[in-house]
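Each structure below appears as structure tokens.
Below are two complexes that have chain A in common, paired first with chain B and then with chain C.
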Partner chain A sequence: MSQARLLSIQAECLLFFEQNPYTIENEEGLSIRLGRSLQDLSPVLERLTELSILQRLGVGHEAYYKYNQPDVSGEVLLWENI
Partner chain B sequence: MSRYVSTGISGLNDVLNGGIPEGSVIIVEGAPGTGKTTLGLQYLYEGAVEAGESGIYITFEELPNQLYKDALAFRWDLRRLEKENLLRIVCISPELLMQEMSKPEGLFERIIEEIGCRRLVIDSISLFRYAAQSDEAARKNLYRLRIILRKWNITSLLIREQADDLADQMPYENYVSDGVIRLALKPLMDKYRKRTLEVLKMRGTSIIEGEHIIKFMEDGLHLAPLFRMVQDKVLAQAASSLPTGIPSLDVLLGGGLPQGTAFILDTNSQANYHYLLNAVFFERLRRKERAISLLSGMNHFDSLSRFARLFDVDLEQEIKAGRALFIDHYDRPVPPGVEKGFMCVGDMDNDTFRRTIHEKLSALVTSPDFGDGRVFLHIDLSTLFTFRGLEFVLKAFSEEVASARQVGITVLALCNFMEIPSTTSSFLERLGNGVIRTWVDGNYQYVQVTKSPTGNMSPPYLIESIQQRPFIRLV
Partner chain C sequence: MNQSSSSTHQPGNSTRIYTNLLELFVDFEGGIDRILQLYTEVMPDIAFAGFAKKAEGEQLRIEHVDGECGPSLRGLTFSIGEGYLGQVALTETDTHWHCLTHDPRLRLFTSRDMTPKHLYGYSVRVHDELIGVLFCGSTIEEPDHHEVMQFGRMIAHLWGGWLTKQYLLDELDLQRSRLTILIEVAKVLETVRDLRRVMFLLVDMTLNLIPDARAALTMVSKPQEPGMVELVTRGFAKEHADGYSKYLAHKYWRHEQPTPPIGEGYADDATYLDYALTVQGEVVGVLGVELGATERYPSGSRELLATLAYMGSAAVKKHHSSQAERMHKQVSLLHELLQQWDHSQYKRTRDSSRIAEEYGKYMQWDHARIQVVTGACKLLEYELRLLKEADIPQEILRLIGETRSMPSMGVGDSSYTYDAKLVYLIARYAEHRTLQLGCVQSSDVCVTDFRSFLDYYERKQTEIRITVEEEQAAQQLMSVDLDEVSRVAALSPREREVLQLIAAGKNNREIAQALYISENTVKNHITSIFNKTGVSDRIQLMAKVIYKH
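Presenting the complex of A and B:
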């Protein structure tokens, strides 16, 4: 997958979690909700987990993701790792 | 004693006699568009804002973002509540929820613990059926869910889609839940639809049965309880009430017959109305109030005396004291000593009759010993129709009743609407401040308050015979 496509899906994924912050879902569930294939989504989830934007809980086929909500002060986002 | 959790929906708490018993697991079922999601969100929103109780909304299909937007239409800022840790709109697949529910201290319980959840909505448990390998597995999941909710004492609404293919069977969820609330869309007149809410089951609280109308208002759902009409505030607030002598009927009437009102007792030909009528009449005498009765052909001194004794009233004494008076169209013998209690009017023409009655009532309420005493007037309208004619009744009844009410006399008129033209029964219904109906359907006798100044109507109640005074009770 090209870097541009990866970034595009990453942005979609970020927007999804920002708009639905208490989503708790496994890869398959996220793939359905975002309308993206597992093949495209997996590296994005991996990347967002590395950045601590998402948190992966559980292991193997029972793994699922939840959003690490950024600290918010008014409307200013304080993401330091992005 | 159970604490009742307010639903946050005006009217619904009245139907539930205060709210949902705390810790209950309630099924909310209905077809699309009946208001299930709004009801669930309103329950959590009001809980957070009004009671400071944290809640979780678990959505399997609808995205939280859509729910945030929909809620803003009712001015519910759900995201603000999330920031205040009073709410979570959790988006999760049913498979993952079930997987985590089965783990000790799994994700589901951690979410509950995280915000100290007191209220929970799951939208919808129908997906448990599709997500589980079998019906048995789905049933086990629901049972497991109920155990967790009970453990945490969380008052929960579990939304279920109503599917036509399951309409003829009782879903197993109904057996394991503490209550079932059904929402529906029903035809209204020819062109319209109405949304209804019916409580089919509710452990731990009494309910007002029936399909109540719910409406979307600008601040959420509002339920209009069944059997409520517009209250006549002037009568309902100003008047004291005359207890009927039948405690269960007094409850329906909000205390009794408001003083200075006119009620119609509509009875069909098979119904035994005597105990209803005599309970009211002799309760007046038991309370040392004045009672006047325009007799039917069936009532005479002997039958009245027998009923009086049943109700612990010495009729002879009451007549002598001037508290009981009977107006009789039939020329019947009266025992010596009680003649003053009977006024024979059968040979009077209509004008004389009307003038005589008017003067008698006026004399009663203006007499020096009237004081604050109450006067009750029972009229047998069938007798008036027979002796005075329809035209007389329509004209004189409305004028005389209005005049009686003006001076605080309470009127109860007995009539069989089936025996008179529908225009006349409509007129009488309109004229009366209240209507009580009693009828027999072949197996049982029923009674129902269909109009009252308090605005209260009632569902039909069975009339059951009992051994003690007043010898009937409403069931």
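Presenting the complex of A and C:
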């Protein structure tokens, strides 16, 4: 798969989880939801998991994926501590 | 052994061969293996031909070979500068060596029991960067050097050109994808109202779009709370994120040149790239990314981060305005409620907020600060507990709390903020219409500013009052004069209305619109008025109204 295609599907997948942050879905479910083949999705999910954007629950093709919220440090006072 | 660089040019001796070669590059069917095969087929003097591809570091690896003795070379590696082929990679010059004897620089070949008498090497470049070495060798005594050299050079250049084309097509495809993604991100950011979701999207898209990104961070400052930021990170260890965010705060809000964020808590093999989020030239946040070790930033990374930062800036701006609007509505609603049960308090706080607004404009404050101070003036009489329940912004609550805790002579106390002193002064002034004695004598900056404002404000109020009174008097006078003219000329009620509008400076169309009649009817009324008053135009008519003759 070309880098352009990988990037495009990765962004699609990311936007899907961003807009549905409570979704838990496996590869097959995501393939149906996004209209992408399993072959296309596998490397994308691998990359998003590597970046900690998605959390993988389980192993292999049976694994489920959910959005992993970034670390939030609410209100931080920066300037007084400098 | 002799070495010579083939700088002389001789025309090719076989058009057919070159035509076949060019055809191979049209669709590149069979790839480099087919091209090497053609090379050995059409050049009978050649015993083998191959391609060594540049791998990680300074190594090259022979991946494709053709010719009877070729396969044994496949998989061998050598460094740039090592042996004959390494020299081609180092100098990037097409070269051939002939009359070779036992030479340590032939070790690559002799290790596979090959002893070429002549060796030819060509650099293959993509986008001006070496990607490998094309080579061939002859075992006969006197091959046609020119023919072999010309043909090899043509293959190397055609192949380099073909790969460059592929590279550019891939790059174009990648840029199109990035553009499409950015459009999608812009669409989503347009609809997202929650600031945190905006920040999540910025961090995640930075990781997704920037090549080699390992961790990303975004922070957005809180309006009216200097030094306070919302921080969202992904991929950073906590102490690393703390250090990096402080570094960015130094850089963008303090405009200092901080030490690069390398050292304790940072990976040694990392580089950083960051961009400010700005609203009307003011830094409101930062978007930063950690990349792997690199001497130069990956292609397009700066532009992509800048684009994401600009999109983030627009989203933050929208968020701040809608928050300010929401806050303003909430404050106004509570203030209006005050009117229901204590009209005098309502009136006093309304006057206070008007003075605060005038003061803010006089001092050229930004809109957000004016809203906080006017909000505090409006809600000063409310219980703080109730205001907290009503979800009034912290900045207003803090200001009200501080103002309330101020003793009667607290305006001279430097432990209170400027804004709290101001709200206190305005509230006292709205109640007594004068400054208290202690305030008149104080040298506090806020009191001094307020005194000079009051000079301006009271003068302006007097001017406005005089202007209003003059206008009312003039209208009254004019009304009396119109009545007099109408009575003497026996104008009908409709003609009197038309006369009033003429006196107000309206033209025929405006009079027609005001009275819901046609312009022709207006003209008829005006002609009738002229006849009855004995004048021939509007100027004479007005003169008659004013001078009564």
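One rule holds in what follows: the second predicted complex is superposed on the first by the 69 of 82 C-alpha atoms of A that agree within 3 Å, B and C clash if a C-alpha of one lies under 4 Å from a C-alpha of the other, contacts with A are read in each partner's own complex, and residues count from 1 in each chain.
Assume a contact is a pair of C-beta atoms (placed from the backbone, for glycine too) under 8 Å apart; a residue touches a chain by one contact, two chains touch by 3 or more.
Source: prediction; values computed, not measured.
A.B. asks: Once chain A of both complexes is superposed, is A:Gln10 in touch with chain B (first), chain C (second), both, or neither?
C.D. replies: Second partner only.
A.B. asks: More residues of chain A in touch with chain C or with chain B?
C.D. replies: After superposing on chain A, more of chain A is contacted by C.
A.B. asks: Is A:Ser2 in contact with chain B, with chain C, with both, or with neither (first, second, both, neither)?
C.D. replies: A:Ser2 sits against chain C, while chain B stays out of touch.
A.B. asks: Touch check for A:Tyr22: first (chain B), second (chain C), both, or neither?
C.D. replies: first
A.B. asks: Which partner does A:Tyr64 contact after superposing on A: first (chain B), second (chain C), both, neither?
C.D. replies: A:Tyr64: touches chain B, not chain C.
A.B. asks: Kindly classify A:Leu51 by the partners it touches after superposition: chain B alone (first), chain C alone (second), both, or neither?
C.D. replies: A:Leu51 sits against chain C, while chain B stays out of touch.
A.B. asks: Do chain B and chain C land on any of the same chain A residues, and which?
C.D. replies: 19, 72
A.B. asks: Give every residue of chain C touching chain A within the complex, in rising order.
C.D. replies: Residues of chain C touching chain A: 170, 173-174, 176-178, 180-181, 184-185, 188, 196-197, 199-201, 203-205, 207-209, 213, 219, 222, 225-236, 238, 241, 245-246, 249-250, 253-254.
A.B. asks: If we count contacts the way the header does, which residues on chain A are in touch with chain B in the complex?
C.D. replies: For chain A paired with chain B, touching residues are 19-26, 28-29, 33, 57, 62, 64, 72.
A.B. asks: Hey, which residues of chain B end up touching chain A in the complex?
C.D. replies: That would be residues 63-65, 82-83, 88-93, 95-96, 99, 107, 111 of chain B.
A.B. asks: Along chain A, where are the residues that touch chain C in the complex?
C.D. replies: Chain A residues touching chain C: 2-5, 7-8, 10-11, 14-15, 18-19, 51-53, 69-82.
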